Amino acid sequence: MGYTIHELHEKLIQKEISSVELTRQFIAHRQQVEGDIHAFLSVNDEEALKQAAAVDAKIAAGEKIAALAGIPGAIKDNIVIRGQKCTAASRMLENWTSPYDAGVIERLEANDYVSVGKTNMDEFAMGSSTENSYFGPSMNPWNTEYVPGGSSGGSAAAVAAGEAVWALGSDTGGSIRQPASFCGLVGLKPTYGLVSRYGLIAFSSSLDQIGPITRDVTDAAIVLNAIAGHDERDSTSIPMEKADYTEALVNDVKGMKIGVPEEFFGKGIKPETREAIEKAIAFFKEAGAEIVPVSIPHIKSGVSVYYIIAPAEASSNLARYDGVSYGFRAPGDNIVDMYINTRTQGFGKEVKRRIMLGNYVLSAGYYDAYYKKALKVRRLLKEDFDRAYEQCDVLIAPSASGTAFKFGAFSDPLSLYMEDICTVPVNLAGLPSISIPAGFHNGLPLGMQIIGPALGEKKILRAAYTFEQNHPEFTKTAPKGEM
Amino acid sequence: MKITAEEVKKVALLSRLSFTDKEIEELEDSMSGILTYMEELNQYDTENVAPMAHAVEQFNVMREDKPHTSFTNEQALMNAPEKEDGYFKVPRII
Amino acid sequence: MKYEAVIGLEVHTELHTATKIFCNCKTSFGADPNTNVCPVCLGLPGVLPVLNKKVLEFAVRAGLALNCEISRFSKFDRKNYYYPDLPKNFQTSQFDLPICEHGYLDVEVDGEVSRIRITRAHMEEDAGKLVHHGSSITTADYSLVDYNRTGTPLLEIVSEPDMRSAKQAVAYMEKMRAILQYCGISDCRMEEGSLRCDANVSVRPVGQKELGTKTEIKNINSFKGVERAIEYEALRQAEILEAGGTIKQETRTWDENEGVTKSMRSKEEANDYRYFPEPDLVPFTVSDEYIENIRKTLPELPDARKARYMESYGLSAYDAAYVTSDKDRADFFEAMVKAGADAKEACNWLMGELAGKLSENGLEIKDSKVTPEAMAELLKLITKGTISGKIAKKIFPEMWETGKSAETIVKEQGLVQISDTGALEAMVDEAIAENPKAVADFKSGNKKAMGAMIGQIMKKSHGKANPRMVSGILIKKLQAL
């Protein structure tokens, strides 16, 4: 049916449907499909209906409501909400209840949001398939034999399966864009610092950003409007005036310079992906944009740099899960035994591997060779991007090497890490990027990224919107999403 | 870079994790593979490159020295695995 | 063989801010357990730190007072280690770019001044407190954790190994305390832990250039402890070397009760703190203007004050050092002088009667029950000759107890000094008549005999006779005999 925020907002204010009715519909649909999809780790029907009723009351009173008010959404389970469990899909936090709200939740509350639940993910956002969730994986609504992507796979699956109209994800190395791509949705990773990280359970502090997963570009702009903005509780939050991102929704790219970095089209990229993006490039050229070949040589080292920095920061960020003051505790005769038992039983395999990697690259004797080296190459990569943006407004790249893969497709961690080549360079440089549907292959969606310079959200939204408006055939509803 | 079982064990203790022998073997393999791959970074001369720890450069973010309302003791301890007399309780240190 | 100790100190001082370093919880001491805490200092999932601007200001202030260079670019790093008093299992500290570097302090021991270099001073967060359920950490069944202190701002000040005796180390600590107090950045109470000290101690044969193997001594909680712990440790090491043994590089703990240092048995791996830049805090730059603005507000520091007291008030170096070694004491002194007390006399009273009363009651000078003004009034009565010093010493405890002024007590109890020449002459005559032997002794050249007679007169007058006048009259009369 293709319900979007902007369509439903019209229906709400025209009183064609109430927020409570709408929320009930989504809950009912969820009850039908959730058994096959497993998008949620916890649901919140009672609270959602209460939030919906409050919006209906506002509408009845003739008050103006926010663009996403009363429209059912879902929140990735690594974003804390006061009084609710927040697990990060880990046994470690299975029974942890947050006593405080994340910065984005406060902003959503101010927009009268409705949340129907917390979505599944890879444990502590480490993974690209949701297979690392302690609570079991989510399934791709296009074909349940395939992964929905990750780590925000539950958020993408929920939206694609019609269990929520929009969702929040978090993106450390592609965790919003890749699942959006695998599920035929729009996923936007904002500029580092545009959205507050306060209350986002940290994976890698210098890379994490919260962003929307939605059915179309307009909805992405609407959710971004709600969550973006300075938060003084986050030292890395950028102090800036509030912007209206819907202003960028213009079906016109004339004069825009679109860069094509050859390094994003290396040998790992599947032919169908390459073909879809070549077509997109042809479209943009036709639409009046200037296509500029650019080079960002250090992209090819993005995976190396990322898999040093992210595990290093994670090893420290996850040290707090020790059984002392909250979360899972396994008994031990003394404190060290208790720590070891708690962490050995409380973390899953991939999380442990990354903690090990992180501690290794930070330890005496290896710090300079790995961690410091990675920070230096990170700068070289950032400078590459800076040079590229002297020649163009946005860059175009695949969101992933191909369509979604099957469960268990990767047994070797390194080959799975290599799959992140399209997305991690963007996080390392702190840039905004949007993944939008760019075609299908064997019945599964393919995605394309449009990457902007820092705080270039409007530029990428404009290019993405133009592409989307001219390719309605790519914005389809997954079989499980039909209501 | 071949990482040895001894090194895996050393890092495991730093990480407060324990592994079975089979897991250690598996970690030796996967970590060695990943670390070897990362040696490609040595192709770059980074002698005069400053490390980049933050994605977006900012400076001097500070706040005023003004108190807020802290948690009550109940709020502080609401998720405590074990507690006693308003404290978190932990096994003996040594 | 003769050995010398080589000592370097790591001093931690709690900065006296209203709130913690990275969150807005209060820093107050003595609250109920786990009540000055919030998501940030509890290290809950998802929280982020934001630097308290007062902490940076205080650190720069201390750095300037300690003659340090202030770094124009500085940052925080994470120091990773597991301990239950550290909720995140890392301490946010400063590693390779501390805010202050290359300072020094001049300390004086037995009239000899030495310059102790300060390597660095950096900002960091304090840990919480553990209460061990049992007599000690090693015998406890379990421990309890209080996170109130977690996140209290600390300045860690590291010296070069420039000290050669325990006395010098104590002098360094006393000077450090005075300077930090003068700057108003810490109350520096070792007993409450707002000033702490770890000592790095090694010994070497006198004349040898290379440093010996050092040990680090922790858990020193008093100035006396600094001296005793270092003396003990230097002797322990010298004895081992003398017996042909070697020193093990290790961390030892000072046991105040037993008066010994003990090896800290630990099954921890060798320390590998895995420092890396704190990604949740941004670096900071410090401008010349910022530094100059702070420099302008620096108060007069102990050395300057000492010089001024010697110059303006004629105090001896010893007295001036005593008065200025504690800011509150110096302030008290200055208030007394300002209220009209004689400087030398004021200094004597601070060292004597007031110090005695304070220690008897376990009070700090700023909590003295007698104000500097009231004390000045008392001292003025002596100078004017209204009462004798002896009477003043009787009045002082009453002032302390009752809060009455010196004048009131003198009036109420009729303690006014007898300075009437006629009355005094009568007393002298009486004494001469009653002490023929003393008179004879005096006449035969034993001048000391006069002292006994003055003592008798004072006793008879209940201390009220003006001793100076008595002495003058007595001499005249004796000589006239």
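The first chain written gets the first letter, and so on, giving A, B and C; residue counts start at 1 in each chain.
Rule of thumb we're sticking to: a residue touches a chain if its C-beta (ideal position, glycine included) is under 8 Å from a C-beta of that chain, and two chains touch if they have at least 3 such contacts.
Computed from a predicted structure; not experimentally measured.
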| item | value |
| --- | --- |
| Chain at maximum distance from chain C, centres defined as averaged CA atoms | A |
| Central chain (distance from its CA mean to the mean of all protein CA atoms) | B |
| A-C against B-C, pair bridged by the larger set of C-beta contacts | B-C |
| CA centroid of chain A to CA centroid of chain B, Å | 23 |
| Whole-Å gap between the CA centroids of chain A and chain C | 57 |
| Separation of chain B from chain C, taking each centre as the mean of its C-alpha atoms, in whole Å | 40 |
| For chain C, residues contacting two or more additional chains | 39, 42, 50-51, 82, 84, 143, 145, 147, 267, 272, 274, 276, 279, 281-282 |
| Per-residue overlap in chain B, given as positions that touch at least 2 other chains | 14, 16, 51, 53-54, 58, 61, 63, 71, 88, 90-94 |
| Per-residue multi-chain contacts in chain A, two or more chains | 96, 99, 206, 232, 235-236, 315, 319, 322, 324-326, 335-336, 339, 359, 363 |
| Chain A-facing residues of chain C, complex | 39, 42-51, 78, 80, 82, 84, 87-90, 143, 145, 147, 267-268, 272, 274, 276, 279-282 |
| Contact footprint of chain B on chain A as seen in their complex | 95-97, 99, 191-193, 206-207, 232, 235-236, 238, 298, 301, 303-305, 307-308, 315, 319, 322-329, 331-341, 343-344, 347, 352-353, 355-357, 359-360, 363, 370, 372-380, 382, 412-414, 417, 427-430, 454 |
| Complex interface listing, chain B residues touching chain C | 10, 13-14, 16, 51, 53-54, 57-68, 70-73, 76-77, 84-94 |
| Sites on chain C touched by chain B in the complex | 17-19, 23-26, 32-39, 42, 50-56, 75, 82, 84, 130-132, 134, 137-138, 140-147, 265-267, 269, 272, 274, 276-277, 279, 281-285 |
| Residues on chain B engaged by chain A in the complex (per definition of touch) | 3, 7-8, 11-12, 14-19, 27, 30-31, 33-35, 37-38, 40-42, 44, 46, 49-56, 58, 61, 63, 71, 75, 78-82, 88, 90-94 |
